[in-house]
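Heads up, the next two complexes both have chain A, just with different partners, chain B and then chain C.
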Partner chain A sequence: MPRKPLLAVALIASLMSPMACGTSSGTGATGGTTTGGAPKAGGTLVLGENGDEPACLDPHQLVTTNTTVVDRPIFDSLLWQDATGKLKPWLAESWKISPDGLTYTFKLRQGVKFHDGSVWNAEALKVNLEHMRDPATKSPLAAAYIAPYKDAKVVDDQTLEVHLTSPYSAFLNVLAQSYLAMISPKQIKEAPGTTCEHPIGSGPFVFDKWTKGQSITYRKNPDYAWGPPGAAHTGPARLDGLEIRFLGEDATRYNALLSGEVNVIDNTPPSNVQDVKANQDLGFTTIDRPGHPFSIWRNTGRAPFGDLKVRQALTLAVDRKAIIDSVSFGQWKLATGFITPSTPDYAGGLDGRITYDPAKANQLLDEAGWTTKGADGIRVKNGKRLTAIALDTGVNPQNTQILVQTQAAAAKVGIEIKIQNVTPQVSADRTAAGDFDLSVGIWTTNTADVLWIQYASDNITTAKRRGQNVTRLADPALDGLLEQARKATGDAERAEFYNQAQARLIDLAPAIPLYNRPSLVSFQKQVHGLDWDHAYGAVTFYDTWLG
Partner chain B sequence: MTITSILRLVGWRLLAGVGVLWGAATLTFLVLHFTPGDPAQAIVGGENAAPTPEVIAQVTAEYGLDQPWYLQYLDHLWRIVRGDLGTSYRLHTPVTQAIGEQAAATVELALAAAVIGLALALAVAVATAKRRRWIRGLAAGSELVVASTPTFWLGIVLLTVFSFGLRLFPATGSHGLASLVLPALALALPIAGVLGHVLREALEEVLDEPFIVSARTRGLADLTVRLRHALRHALMPLVTMTGYWVGALLGGAVITETLFTRQGIGRLLISAVNAKDLPVVLGVVLLSAWIYVLVNLVVDLLYLAIDPRLRPVAGVRPVAKGVS
Partner chain C sequence: MKRPGVYLAAAVLVLLVLAAVAPHLFTAQDPLAVDSARTLKPPGAGHLLGTDENGRDVFSRIVYGTRTSLLLGFGAIAIALTFGGLLGLAAGLGNRLVENVIMRISDIGLAFPELLLALVVITVAGGGTSNALLAIGVAGIPGYARLVRAQTLTIRGSSYVEAAHALGLSAPRVVFRHVLPNAVKPVLILATIGVGSALVAGSALSFLGLGTPPPEPEWGSMLSTARNFISRAWWYGVFPGAAITLTVISVTVVGRALRLRSEGKSW
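Up next, the complex of A and B:
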């Protein structure tokens, strides 16, 4: 999901960016959470996170980017996604899918207890699924992710049979995400109003205190014996405690790491990554998030981007690599397609299909009939200028830079981009209403079903429902592929449909994929065993210890 | 001056205060209601969210968002009258609780900044009034610089020098005294600049008065004259400016809290405005308006205490208040 920093914070950050101090020096080892001798138990780790503090800690009520970082310590999920994208048993021991893809039978792990003592069983899973869907929960994301969920039947204490209204191959994937993590069934039933303020899960850390506007603290769960598969150890977490502080200013967060106020920072400012890597006292580790890469959406529902050739021309006119490198100080990887390589079912064979070729761009625009140019070099057809309206909220300086550089590249082939500055809400409303030509965004999720979310014609916003198909792409062939992929029950079959869908999207060019968004994590060398939740690409602390 | 006349003054002021609160509530409601943005969408997580139609329907019904705006307005007013500030759209907790959780940190910051600001202003003004030209010039120059420096920039300079550079104070958080120093200074310095300037001007005027000359001829030390005789007279303009510096404290807190990652009402307000969280914005605005009303009332009473000439005499209209 897109990050939405506070307006004032972004303003201040942009004003202070020239002053961001890089005081570190020297040469040293780079990156990676290395092992440094035998792991030690004890101590409290302090993480400096950006200013995107959740308004609530109930994962089912959250949509914010930092959900996994703040909630994964407290909550476990039904499944765990490993580094290769494979789904592994976690709170579910095993599962079976019916041939029609409509019934999922979960066999659950025994001996798991929530922090309030309540027991993990089939009833607990059912209560959680119902809680996600219940309109009273006001779920901004989880409810949509399990939209095909119909009902569930408790077969026995450890077995739940889940029925769907339509086949949904991404069901298991999304269940591995922290947004769909398991809350204490006792809390959901007896005190549903407290899940935001006092979250109770079954995870390696117990929620301790939330000082709103500042920090969240956690303490070790001494009874924890069900760590995710592939973890470096079993049993309780090694740390005694964990504190997450919300440090909205990039320079403040980076300097807090330098001065030792915090042990680890997430969202390392890209401009400081080189300094971190050069600093002998610090380590650096990174991972690309799964899902849809950060992209420039184009409204295919109206001129000029209703014309495929104009869309293709703009993609060819933009030197994506140069833009991304300059904006991110070389810290972001160029997107190679419509999902990132860290997403299951990524079609690696399509790499290199999106190219930079201004000459070809000019040729396509000529073919599209935009043959004459005005005095300012902008193309004209039937007295109309080739103009596109781009929406920019200004809350993220990097997004603005991307749009400005795209504007310059477009002008060179005769496309005029007018950037309009609007508030995030106006941007959201106008994007939903189709009143724009260009906007930017990203969608992080651990399944190629993100393509259905972003490009299926069913997801074009209507008066009844706000959908995520902002490009308003309506292509029956693509719809068919995405629908078939949803219905597929075999891995190879599903991958093949997604492969074709990704190829089709490169041809249809509804968006310009720009970069894979990474988690950029820097840490003091005394910190060992940082790990990742691969279902979102977020840092986790179960194995972590302080040397 | 009778008790009745004081009570009457207080009564009228409080009644006018209610009018101010109503105006503030109305204006806030209208501005937030008629700025673009779908409140139901904002409530379920803004533009990032993918709520199902059922969730949107639930939110719309629960918060009465399908009602015409005037009914929603009346509903808000009626709840406020009953002392119920409602439930935050964003936090799903009562507004009083949301404000209560943040209030202590802001009060701590504002008080610290007020004390530092006043102390600095007094010290510099008393020390430099009617001194040699270069001393006054230096003081006035510094005051002008800090008074015209934006709080956030001052904060960044303080952070860069004392936290990132010298590592004397933590850059973030509200844990204890050490973390209060830099934000309080960032908030206090511009206020000290303005108040110090005004106070010195007033002191210099007072120091020319005949009663000062007579005090000096009695052989009193310079500092005694300044502190015991001149200062009381020079305080009037400072009291008049109470509204200014209370406003500067409240407004500055928004920026200072964000910059120094402190808890507080300011940060609460920013997130609420960004999320179109009408109940919280209304709550904070009402609280600020109420503080203004109270501060103005206290100031008026202070005038009476400091300057006996202003006290109403039976049958005579009070003299217009003003700077001595």
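Up next, the complex of A and C:
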């Protein structure tokens, strides 16, 4: 079995991210913007983040969920996704797509400079795209997101023509994500080994210092004059500095906000959201992330979940709403399908298709031949117990809770779930190797192409290639739909293919979709102008100021 | 009764052993029964000590968790004592080379905090109750090896051992009949106190998510999970914590009384 560190589902879930369009909930600007008078410049804002600290700050090399929060201050992207899911010019002034969908011509913004003084131009964009694809970068995500990239031609200083090997309808979307943000071309060419430890971008903040295991500090970029469209102001950021502290313990993070040690916390513990809302001194804001909802993935490559009826039965046995409400204290929205409503091409017509019906679950299990029950109520077939192994890293207490409650629901219909505590690395390896039955995770991204990444049979890990289809689902009909959606050049045509793919996935039940993960951000009332990167659903600080 | 505390502690231990053997005598509730609609309810009718984050009864989880928790404490010490005792005996009786090898290795072991050693074992062997038990036990071996060796050296030179040799008893007979029992006796009593720290170490491993896997109840893992809900469910953390504290105090009090008695002192 391959023992290379892979992105396991669970990891992935926590790792991947960004996304975009569709109907982002909320309008974006948040954080006491209505009160507090005129924005003031100055001060340093301290953000308390959870313990998911990136191992490297080069966006192209990252998969962690906190990439956008940590890297967006430093880096700008080619495009900006607005609150309604529309893609807007940012470092690209405009773009044209050829009728065959194979050539993208980007006209670039002038006057943009990186923190090291190097200039943003067609060559810089080309260097960045090549860097994402360079095997030496070992990009786990950006490379996959621009897999159809073939080559690029510098037409003039401000124009780059990008050629794809096949039409790829999600290309512009992914370019708006922080994972594909623009690094100084000078650094990539002259000192590629330094991008992890000392990231250089063109963003509103300049990287200052990274104390591993503790914090990252940033200072204002005084030359910044190319803020994203839709921002509340232009020119340099209002804050003089920014510090992100990694406070892994939920209780510690929350108490740090209460004590004033930090001004803002991301990943507010769901159990504390009501307390925050009731607290006069604090504010709260949230947004649902796009992409694949948090789910329980099932290994369809082996028994017992190789059997569709057993998969359907487990889905029916679980009261998803009760579990999600209890685990999140009502802060998470129940997932309605295989992508979240804030993702473009979400098929709203399928709401309500995933149901809770233990009687039907029992019936399906009987039909699948698991007719006899042992003394402990677990079903048996040919002397074999109906047992499934679930991997849990214990890193996230809510994930453990979800597994425990699912375990109890499964036992009621005669399915035994054994939860194994493993380290994140072991979980990643075993998931990639198919040595598991159940695994939890999420994949945030701003396009329905996440379904191709997660469920196309091409993306099953083999000895030669590591893929992200952790459920090992191989369905020719689904493959066809996802492939056509990728190649579609018209919006309506693409939406139709994705619609059918989402319906097909509900029938195939490779996973139990559970909830749409929100960013839960709490802040002191003196903090104003927090905003969102809608391509991921992560908090940003360009407009932010301290009252 | 000069020291009611000792009897009280002994009574607590009896209760704990009973709970470990027959938990159903103490509660009719199923410690694994999940109720998503009744999570984190405060103590009251129906749930004596409230419910946890999955709606399970905290009291019954503490009662049913006794077995695993005590097993961790006593089992780990049993491992440490058995292997530490044999190694210490060998070091105390063997030639210089044997003694040096065993003692230098145990010195290296002692140089690391026990919990760190346990973490190393867990990293190699994986998590779970039995591995946690093994890990804590292995981590305790160097300490006991050193103690038993010191005792053995003292006894080896004692006149009754010399007398046994002089009487022509075989070496194994001298070792296992005269040296070992006398060397281990004081250590054994120290070990009762060690049970308390092993229990805490087991809880610490569970606390780190490396001990007992869900949904089995275990005090340390309950405490570990409860910390995330401490601001809204005090009962969830306080009662498992109290169970650990009470057990450690009881074992320590009884162990101390036994030690004093073995030294011929009054409690």
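Note that the second predicted complex is superposed on the first by the 510 of 547 C-alpha atoms of A that agree within 3 Å, B and C clash if a C-alpha of one lies under 4 Å from a C-alpha of the other, contacts with A are read in each partner's own complex, and residues count from 1 in each chain.
In this section, a contact is a pair of C-beta atoms (placed from the backbone, for glycine too) under 8 Å apart; a residue touches a chain by one contact, two chains touch by 3 or more.
In this text, all values refer to a predicted model and were calculated from it rather than measured experimentally.
After superposition on chain A, the partners chain B and chain C are seen to fit next to each other with no clash.
Of the two partner chains placed by the overlay, neither chain B nor chain C lies in contact with A:Ala375. Once the two complexes are laid over each other on the shared chain, residue contacts for A:Ala463 go to neither chain B nor chain C.
Within the superposed three-chain model, A:Thr211 lies in touch with chain B and out of touch with chain C [touch as defined at top]. Judged by the touch definition given at the top, the superposed model places A:Gln407 against chain C, while chain B stays out of reach.
Shared-chain residue A:Glu261: touches chain B; no touch with chain C.
In the superposition on chain A, contact is made by A:Pro397 with chain C only, not with chain B. In the superposition on chain A, A:Asn421 contacts chain C only, with no contact to chain B.
Contacts of A:Asp319 after superposition on the shared chain: chain C is touched, whereas chain B is not.
Contacts of A:Ala38 after superposition: neither chain B nor chain C is touched. Nearest C-alpha atoms belonging to chain B and chain C sit 5 Å apart in the superposition, given in whole angstrom.
Counting contacts as defined above, chain A residues 249, 251 meet chain B in one complex and chain C in the other. Listed in rising order, the residues of chain B touching chain A in the complex are 35-38, 41-59, 90-93, 98, 101-102, 105, 152-153, 156, 159-160, 163-164, 167, 170-174, 254-255, 257-264, 267-268, 270-271, 274-276. Taken in their complex, chain C has these residues touching chain A: 32-34, 36-37, 39, 53-55, 126-128, 209-210, 213-215, 225, 227-232. Residue ranges of chain A in contact with chain B, taken from their complex: 1-2, 4, 6-9, 12, 15-16, 19, 21, 23, 48, 51, 53, 55-56, 61-65, 135-141, 143-145, 147, 196-197, 211-215, 245-249, 251-252, 255-256, 258-259, 261, 423-429, 431, 453, 464-466, 468.
Contacts from chain A toward chain C in the complex involve residues 249-251, 254, 269, 271-272, 275, 319, 322-323, 325-327, 392-395, 397, 400-401, 403-405, 407-409, 418-422.
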